[in-house]
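In what follows, chain A forms one complex with chain B and a second complex with chain C.
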Partner chain A sequence: MPHIRIMDTTLRDGMHAMAHQFTPEQMAQVGAALDEAGVDVIEVTHGDGLAGSSFQYGFAAATDEEYLKAVAATLKRAKLAALILPGIGTCEDMRTAVKAGVKVFRIATHVTEADVSEEHMGLAKEMGTEVVGFLMMSHTVGKEKIAEQAKLMESYGADVVYVVDSAGAMIPSEVKEKVSYLCSVLKVPVGFHAHNNLGLAVGNTLAAVDAGATVVDGTLRGLGAGAGNTCTEVLVAALKKAGYKVDMDLYKIMDAATTLEPMMRRPQVIDNSSIILGYAGVYSSFLLHTYRAAEKFRLDPRDILLELGRRKIVGGQEDYILDVAYEMAQKKNIMVG
Partner chain B sequence: MEKVKAAIVGPGNIGTDLMYKLLRSKYIEAAMMVGIYPESEGLARAKSLGIKASHEGINAVLQEPDIKIVFDSTGAKPHLKHAPLLREAGKIAIDLTPAAVGPYVVPAVNVDEHLEAINVNMVTCGGQATVPIVAAINRVAGVQYAEIIASLASKSAGPGTRQNIDEFTETTSRALEIVGGAKKGKAIIILNPADPPIMMHNTIYTLVKNPDEELIRSAVHDIVRRIQEYVPGYHLRVEPFVEGNKVTTIIEVTGAGDFLPTYAGNLDIMTSAAVRVGELMAMRLLGVYNRKEVGSCASH
Partner chain C sequence: MPHIRIMDTTLRDGMHAMAHQFTPEQMAQVGAALDEAGVDVIEVTHGDGLAGSSFQYGFAAATDEEYLKAVAATLKRAKLAALILPGIGTCEDMRTAVKAGVKVFRIATHVTEADVSEEHMGLAKEMGTEVVGFLMMSHTVGKEKIAEQAKLMESYGADVVYVVDSAGAMIPSEVKEKVSYLCSVLKVPVGFHAHNNLGLAVGNTLAAVDAGATVVDGTLRGLGAGAGNTCTEVLVAALKKAGYKVDMDLYKIMDAATTLEPMMRRPQVIDNSSIILGYAGVYSSFLLHTYRAAEKFRLDPRDILLELGRRKIVGGQEDYILDVAYEMAQKKNIMVG
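Entry: the complex of A and B
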């Protein structure tokens, strides 16, 4: 059975669920526990990547540099990763991140827009870091389109390309079809990143490795945008049971989850609006922003999410939540204050 | 009436859209279109409209002493070469590339300060769409921080934008500070592939000292009217609203559809702003520029 690499993103995707309010000290504690458990890569950044701290996505409690340095100082064997979305973060932010200890860049674009990542992948290679290409919202297009865009990333120097189910909208048969096709056309390893909006994160991740993916994402307790991600400690148990080789200690990754638990702001469950994220195919990090807009404009958050899905809004367009809520409120003739 | 002769360098989508806009101008004559490929569709189109076309690039323009204004819609690297040549030849350059040799100009905000410049830069589409809003809010409320999110239809973002996407965020951020007056600026760009394509959509968040919603709304309405004089498809989607010291405004730009489709409001606002600056400069050269009558020279 193949060896599976796990990249833990509790300290990046988990930031969404924390409204980006982890403190650097908390990150250092969680990072040390993940390192101890044998995680290969630990991703640390604002939920929306380098320079994500903003009105649009929420201001973080500290700078990316502070977070990265705090975690870098605790690591003995794991590699430190940072996410960047070209259009939000820049090459300058990447240079700062490398100085803070980053060894892996995960460079994310919408699944049809891979060509905006060429400059950033080139810089990451030049700086000697590992490069992971992240094709977000992979549920929106067919396997051929994903393959075309993944090949672009491969040509820019990506060492791994991920199928990213940002909206938690994929079902296992779809994951299998897309991942196995991608494995058949790429020279580099294929990765998979799940969200649990339809309760399928662990199942989809297993479907992905069965289809040939060898790098997968998880977060402790599933902490992440929407209904959260694949729960790392559950994934380790399930992969081991399925016979895959995983260089991680099951007890120690469970202990890491215990370290995280008291820091969580809300239980990571599949609430009603999260189901709609998966059902309508909406970017998972829209969830908490939608709750705020729904409260402000006195709307049902599910209506806002369905409309965002209808308009085919992509990752990063959190301002459309306001646009849609404002328009719905005007139609209902509700005074806004 | 006599018109000032202008050339367009770069016969791509932007150059061609510029050409159609200049054909309507009362003050500028689109005298020449130049490129570097003989088989260019843009050059053929210019020729068919009776405009002199050449594939010999900037040299063809330098040989025409009558041409006073040159719109450069090539790229940052070519413009860095063109700028000194044009300056030496005494021709005004209106730079639509990210080269930024000359000062940033946003017509609704600071054009009067730069009408005598020999080279001006048109910032970015996001800058043209959002800097005026920030400047208007800054005047009445004092902007500490301005953050803008520009959403563009994927189809309207060409290879130049895609390969150098940092140029957009960095240039726009700087213009929010230098022209918009924000103490600190931040810009984000998102490409959306939805079909039918989305209109150019910009959200402007500002953190202000004096959050008087009435004053801010009135200032924003005024500036929107001024922008509409040269970009008729520019409109508010969400009125400025205040939460604490944060002001949120959303605007949308529907393109005029001159050459580019209406969803390409991002390109339309660039070409419209460049034509506006060109016309004001032409009026000054013709001796008919009167600051108070600026409103009457709208190119549409």
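Entry: the complex of A and C
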């Protein structure tokens, strides 16, 4: 059975569930426990990556540099990673991150916009770091489009390209189809990042490795926005059970989850909003806008989310939610009137 | 795509997470919401089935008859079911249950002991109810053994036979192998009941229906012992997303979960004990005995659970846990001495 690398993003994607308020000391504690358990890569930053700390995305309790340095100081074996979304983080932020100890950049774009990662990937390669390409919202397009965009990232120097199920909207058969096709067209390894909106984070991740992915993501206790991510310690148990080689100690990764637990603001569960977001295939950041639009136009917010999913709305189109709700309200009035 | 029946066991398997303390009024509220959402079958009793209320299994807040009557009075469309474990519940309990409104009996045995269900299945058929056979701990034996035992149940009159992953120990490939084999040898439909110890309750249930199962279980919010069950409202979303026909309203089943939520004692999450139980393939009822044995012999309880899993310990062998721990302690002393 193949060897599976795990990249843990408790200290990045998990930041969403913490309103970006981990302290550097807490990050150091969790990072040390992850390192001790044998995690290969530990991702650290604001939830929205380098320079995410802002009025728009929420201010973090410390700077990315402070977080990265705090975790870097505790690592004996794991590689430190930072996420960057071109447009939010800059090349300058990447240089600062490397000085703070980053050895892996995970560079994320919408699944149809891989071209915006070229400059950042070039810089990452130039600085000698590992480069991971992250194709977000991969549920919105077919396997050929994902492959085309992944090949772009590969041509820019990506060492791994991820299929990212940002909205937790995929089912195992879809994951298998997309990942296996990607494996057949790329020279570099394929990764998979899940969310748990439909209760399928672990199931989809197993489907991904069965289809040929060799790098997968998790967070301790599933910590993450909404329904959260694949739970790292559960995933390690499931992968070992399925016979995959994982260089991690099951007891120690469970201990790392015990270290995290008292820092959590709430248990990570799947609430009704998360289910609808996953079912509709819509980003969790649209939730608040949708509730506002629903109130304004006296609509069921669930209906709006389903309509947004059908229209494949993407990040940056938040104003469009009001237009959609207005249109729906008009149609409803005509029908009842 | 095939039509999938859902049997909800919030008011039976979920009783474990409530220390069997649902009130009949609470059960009636939840039952009405499940009925309104279009659930096909609603299972009600003590967590360990008819007559489970006892010193050994824990006393419930009311009698099974009171629970069954309270829920029966609210149902407009769903069929009322009761679980019975031969040896705990008796034929007399079944007669009382039918008078209280039961239309479906789910008769459960260890996966190698189907023969103890013959009398109860016969009585259930005689009383004109639907009969479901429940093969517990199906992860402990191979597909041929499951098929042999399932065919026994079929010969006793079972209308459906379930593969039951009592310890949440299965992975999707195993579920597919066992369920598809069972479908190929039985004339009656095959069911699947999951637990979420390895985060795979929804993933395994999708694997089961992909392999031919047409009847599956869930509980609202995953309410159940340890890591809990397949979450019904999440499962409905996942099944619809996968294209299966499900006669249930997604909004209304989410509303039913909202009805249940304030009654819950704790959010349903996967803790470290649940992970080890699933990884080891051991019943959650062994946990307390294991902690006691670990303390007595100064062992790591996780090591004991893994050893119990290797030895395939079954219910009723609780005393054996001390023997195993003693043996492990002896071996450890020899090794360190």
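Observations on the model:
FYI, the second predicted complex is superposed on the first by the 284 of 337 C-alpha atoms of A that agree within 3 Å, B and C clash if a C-alpha of one lies under 4 Å from a C-alpha of the other, contacts with A are read in each partner's own complex, and residues count from 1 in each chain.
Definition applied: contacts are C-beta pairs under 8 Å (C-beta built on N, C-alpha and C of every residue); 3 or more make two chains touch, one makes a residue touch a chain.
Since the structure is predicted, the reported quantities are computational estimates derived from the model, not experimental observations.
By the document's definition of touching, of the two partners only chain C reaches A:A238; chain B does not.
Touch criterion met: A:Q268 reaches chain C, while chain B stays clear of it. In the superposition on chain A, contact of A:H193 is made with neither chain B nor chain C. Contact with chain C, but none with chain B, is seen for A:R221 once the two complexes are overlaid on the shared chain. When the two structures are aligned on the shared chain, A:L206 is found in touch with chain C, with no touch to chain B.
Contacts of A:L250 after superposition on the shared chain: chain C is touched, whereas chain B is not. For chain A, the partner with contacts to more residues, out of chain B and chain C, is C.
In the superposition on chain A, A:H16 contacts neither chain B nor chain C.
Listing the residues of chain A that touch chain B in their complex gives 51, 54-56, 86-88, 90-92, 110, 112-113, 115-116, 118-119, 311-314, 316-317, 319-320, 322-323, 326, 336. Every residue of chain B that touches chain A in the complex is listed here, in rising order: 147, 149, 151, 154, 159, 162-166, 168-170, 186, 188-194, 198, 201, 203, 205, 207, 237-238, 241, 246, 248, 250.
Residues of chain C touching chain A in their complex: 169, 171-173, 198-204, 206-207, 210, 221, 230-231, 233-235, 237-238, 240-242, 250-251, 254, 257-258, 266-270, 272, 275-276, 278-279, 300, 302.
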